[in-house]
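Next up: the structures, one after another.
One chain, chain A, appears in both complexes that follow, with chain B as partner in the first and chain C in the second.
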Partner chain A sequence: MNKAIHRRDFLKGAGALALAASLPINLVEMAFADSSQNFTFAYISDAHIQHISGSKFVRNWDRGLIRAVAETNLLNPKPDFVLFGGDLAQLGTKAELDHGAEIMSALRYKTHYVMGEHDYYLDMGEYWEKLFGPQYYSFDHKGVHFIVLNSVRTYDDWTYNRWPTAEQRMLEMAGLDNPNGSPFMVGEVQRKWLKADLDKVDKKTPLVVLSHSPLQKIYKGWNFWTEDAEEIQELLKPFAKVNVIYGHVHQIQYNQIGNISFNAVMATAWPWPYPQSYAQAESLLPKMTVPMNRADPFFERDATGWQFINVNSGNVDMTFTLYNNATRTVRYNPKTGRPEDVTYQAEAARIPAQTHY
Partner chain B sequence: MRGLLGWAFSLMLLAPGVIQAEQALLGLPPVPIPANNLQTPEKIALGDKLFHDQRFSSTGEVSCATCHDAKKAFTDSPLKVSEGIRKLTGTRNAPTVINSAYFTTLFWDGRSPDLEDQSRHPFVNPVEMGLANHEPILEIVRNDPEYVAAFQQVFGKSGEQITLTEVIQAIAAFERTIVAGDTPFDRWYFAGDGRAMNDAAKRGFEVFIGQGRCVSCHVIEQTQALFTDNRFHNIGVGINNIQQDIPELAGAFLKAKAQGVDVDIAVLTDSKTSDLGRFAISEQFDDMGGFKTPTLRNIALTAPYMHDGSLATLRDVVVHYNNGGFSKEGEQVNAFLSGGIRPLNLSEQQIDDLVAFMEALTSPPFVQTASAERK
Partner chain C sequence: MNVVKLTALILGLLLCGAVLPALADEFTEADLKRWEGEYQSVVEKGRALWVGTELSSNGVACAQCHPNAANTHPETYPKFQKQIGKVAELRHMINWCIRNPLEGADLDFDSAEMLALEAYIAWERRNVPLAPGKH
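Let's turn to the complex of A and B:
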């Protein structure tokens, strides 16, 4: 297996670089891919830029995003583009979206945006669209078809009839475990669009589907959930290689359902703990190999980070760059047909859970 | 010249034969002694001689002691950055040798694992002692009658048997005797002498362990205080000023490093490369612009401060931290700033108290040294 993998070096210059050099980050390529088509992209998510008043924003969230942008700019080979996975803002205001867009503008790459619920529920994404474009769209890149969905919509009754003000609607949806919330969904309009979009794509073309909420059902109480996930999965079923990458959960998750590989990304703002498992039905909970462990509270961004992603084999390989923590890699294993953490997959290699009292 | 310092390591020299430094000073743990380089009085004396020998430089004018002067608490205070041969300057402020025996890595960026390895580098750095290689040192120690006798006595070696290994072992053995505790803080905190430290310093201690968050890196433990976590942090010094250059600079440096450039020379001869800090060694994002936490013992004697000597006074240092990682009005903190550095909202009184606390970290022999120097 290892022999089939070439390691490319981080910050490699134009000249030859000793392969033995110890390097912080390796962009991993699958050897069977056509090397001229090789590419990676970086993924930054869940910045939660939060306005306090005037020109003041929550410093910690600012610093997390600023650092991700700066580190992404150091990548070499350069990623072909950057994806932002949603929740740029905390309460969807112009001030927050503008401030977040300004920080993101330091990126030296083209950037695609995904809508998060914190960006959406104040004005139903109106200002976000002005800054970043349509709420759902698709594009092709080097033989891979990318689809971006707004997966954080919900029932119209909740959205339009329930709350006296837009601000309150935003606040209700912003709470993670708020019983007044409502389950996320892609909805009929986008499902129709998705079907039409996919009809034009060859079934052998690798798909990468980007959403804010998981397009699988993990835990409804925290909206680690998409209500019409099964219907989306059904539309993706005919394709040979399908990857879903989502934000929202602020933790590393990976799972395989049929032909679809699921990967979550880290937040730059803060980590969430792992939720309860959904016990009413067959458990589709992503494999949880290493419980989130805040070893060092001194580093206020411990357990946050960003990631870059390799899609050369048509399956995504995730490399998680974690601030003040060891880099983690979740790579698709063609033998087992599912994503696996390359370091922690083996039972014996797992970090014991931390017990709090 | 070194008489003033005699007290500092007299404890170590009293016992004949191998010294394991079980005689710890108040506030300090026993000095860790590597099993392959045990202390003997003769070895320490040899290291002392080597440490002060100016012949080990290309001009014959620079020794280890030039930048690590016992009269200046083993630094070259008040220089911002060190001066080597022909007044050539490097990029970094000379750290004190005092208590360096406790460091788990040496140099501001930790590029050396121990005192032995550290001591080999300045001889051959072009802006320090400027030798082309270590041969001239071996030439001297193999032929100078005093050295011939000493190396025979300490290592049982002569002629070609004497290599750089013996030279750096002796220097390191000497440096491991330069330890100093027993400060007013130690007498107050560890020995319970309520009058050892003044009220301002006591208030400063509360800020140090509380709102100032200093103790997170400048560690104080139950029975000892080394005032360092032996880790590397980006605190916004140096790197704040080169932010725009980092992508090109980091890439170019790593490329040069992979092609075999001498890191020791690169970081001491180019100030921008110097400001990459620990990243230049570890190549980890977490270490971008990070430097080793220095001990605070005897800090009042070693101005100016920080890896580049850019802050003139202890008060300037506290203000830098209080600002959340910058010193100049309008300065932008860098994107890689350690998550531990954030605005502290200290009052002027608290800032003064913190300085008073740091002034209570001076060991007695160095107080005498400093006052003798002023006369």
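Let's turn to the complex of A and C:
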């Protein structure tokens, strides 16, 4: 039976037309061939809740997460669950993780969490685990196998022998452009676990792999990078449909490597430049990515946002809900076999704001 | 006559403020090294301000949104800044960022801190052609 999912219904839960009119959301209508196989989930990421002192937190980042949570609650039809893509905290403290968890607790959906480096490097994820559970795990949902990895680990020597205090270790990894940082990796322990986990899964089962760092190599200087990306990709190779969704980069990126579709998600806190705009570095940003619009700093939430994801016959379609910008949709195109922006993919269709330099 | 000439020469040297006359094109490798070092010491101060929290009241650093000072585009200034409604210099935008995301206080335009920030931003953007007014 064909059934259209009307994203125009998105705001019905709000019960307030005035509110609906003020929300910066362009609604997308989609119809799927076999609706029973399709579902949606929402994705919120990179909130960077930052403690100042006492009960004070950076207002700007708080507002981003509060807004994403409120809007996600208004989705109609309701998403099956929510994923949080990592970096709930800025410096991994209990105060930040607790405050972030409190804001997230307003979500009316089951929520799965991914570990980010800002959550991890103070106590190696100990307090985070108490709040949210294991650092890596898998689950099944409507015939799709979901895998969550902690992809922000690094060399043991850097982690355990280099820094006099845990606070300094956290600060050194928190600086994106800090030359004292160290490349992210999934690491041998989790790769073994992943292999064992995948051995139990039918090769025709669609996979969705969730990580904080890209499981591909884009720019090492800012850790848009995972050191053992190729080894992970190799483990994913035998499967027919593989989707990797990652946070960390605070920008729209997508790519196709063999059978694997890659999509990045937006941050709720702040946008990051594309690596190509750092004049002293070479980056490997996938050519097929149509960049997000350049941010207008005078609009505090510009170039931040959240996204809902249709798992459409085993491929993910990303809908980016952006503030002060038109909604962007990146959809898997079965004809070309890769993710494509539904509006801006052709060179001629791009707008000046998408030129980054 | 000789006494007059000698007096004039001494007077001339005194006026030039130099006992041994140096020509402007006679700077050495050591001079170049020193000047580069002086510049880099200001760039380093700028980098320290960029990644530190000295300029902010809320702990937010410039580098949080602008790693390696990317997306600051110093080569495009002065340019019309639509949000301010007039042609602005980079330093206007630096102060805007300090006031807003950093919730800090404006820097004086001729302060050592402003100069250091500008020196750091320019260094990270070196070798990019000037493009004043570009958007």
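The definition used in the following text is that the second predicted complex is superposed on the first by the 301 of 357 C-alpha atoms of A that agree within 3 Å, B and C clash if a C-alpha of one lies under 4 Å from a C-alpha of the other, contacts with A are read in each partner's own complex, and residues count from 1 in each chain.
One rule holds for everything that comes next: a contact is a pair of C-beta atoms (placed from the backbone, for glycine too) under 8 Å apart; a residue touches a chain by one contact, two chains touch by 3 or more.
All figures in this text were calculated on a predicted structure; none of them were measured in a lab.
In the overlay built on the shared chain, the residue A:Gly221 is in contact with chain C alone; chain B does not reach it. When both complexes are overlaid on chain A, the residue A:Val342 reaches neither chain B nor chain C. Applying the stated contact rule after C-alpha superposition, one finds that A:Asp177 touches chain C and leaves chain B untouched. Touch criterion met: A:Thr321 reaches chain B, while chain C stays clear of it. Once chain A of one complex is fitted onto chain A of the other, the partner contacts of A:Val201 are absent, as it touches neither chain B nor chain C.
Judged by the touch definition given at the top, the superposed model places A:Met124 against neither chain B nor chain C. In the superposition on chain A, chain A positions 59-60, 298, 300 are in contact with chain B in one complex as well as with chain C in the other.
By the touch criterion given at the top, residues 51, 58-60, 63-68, 70-71, 73, 83, 93, 96-97, 100-101, 124-128, 135 of chain C touch chain A in their complex.
Put simply, chain B touches chain A in their complex at residues 216, 246-247, 250-252, 254-255, 257-259, 282-286, 324, 335-340, 342-343. Chain A meets chain B in the complex at residues 10-15, 17-18, 21-25, 59-60, 63, 66-67, 69-71, 73-74, 76, 108, 298-302, 321, 323-324. Per the touch definition, chain A reaches chain C in the complex via residues 48, 50-52, 56, 58-60, 175-178, 221-222, 270-273, 275, 277-281, 294-298, 300, 352, 356-357.
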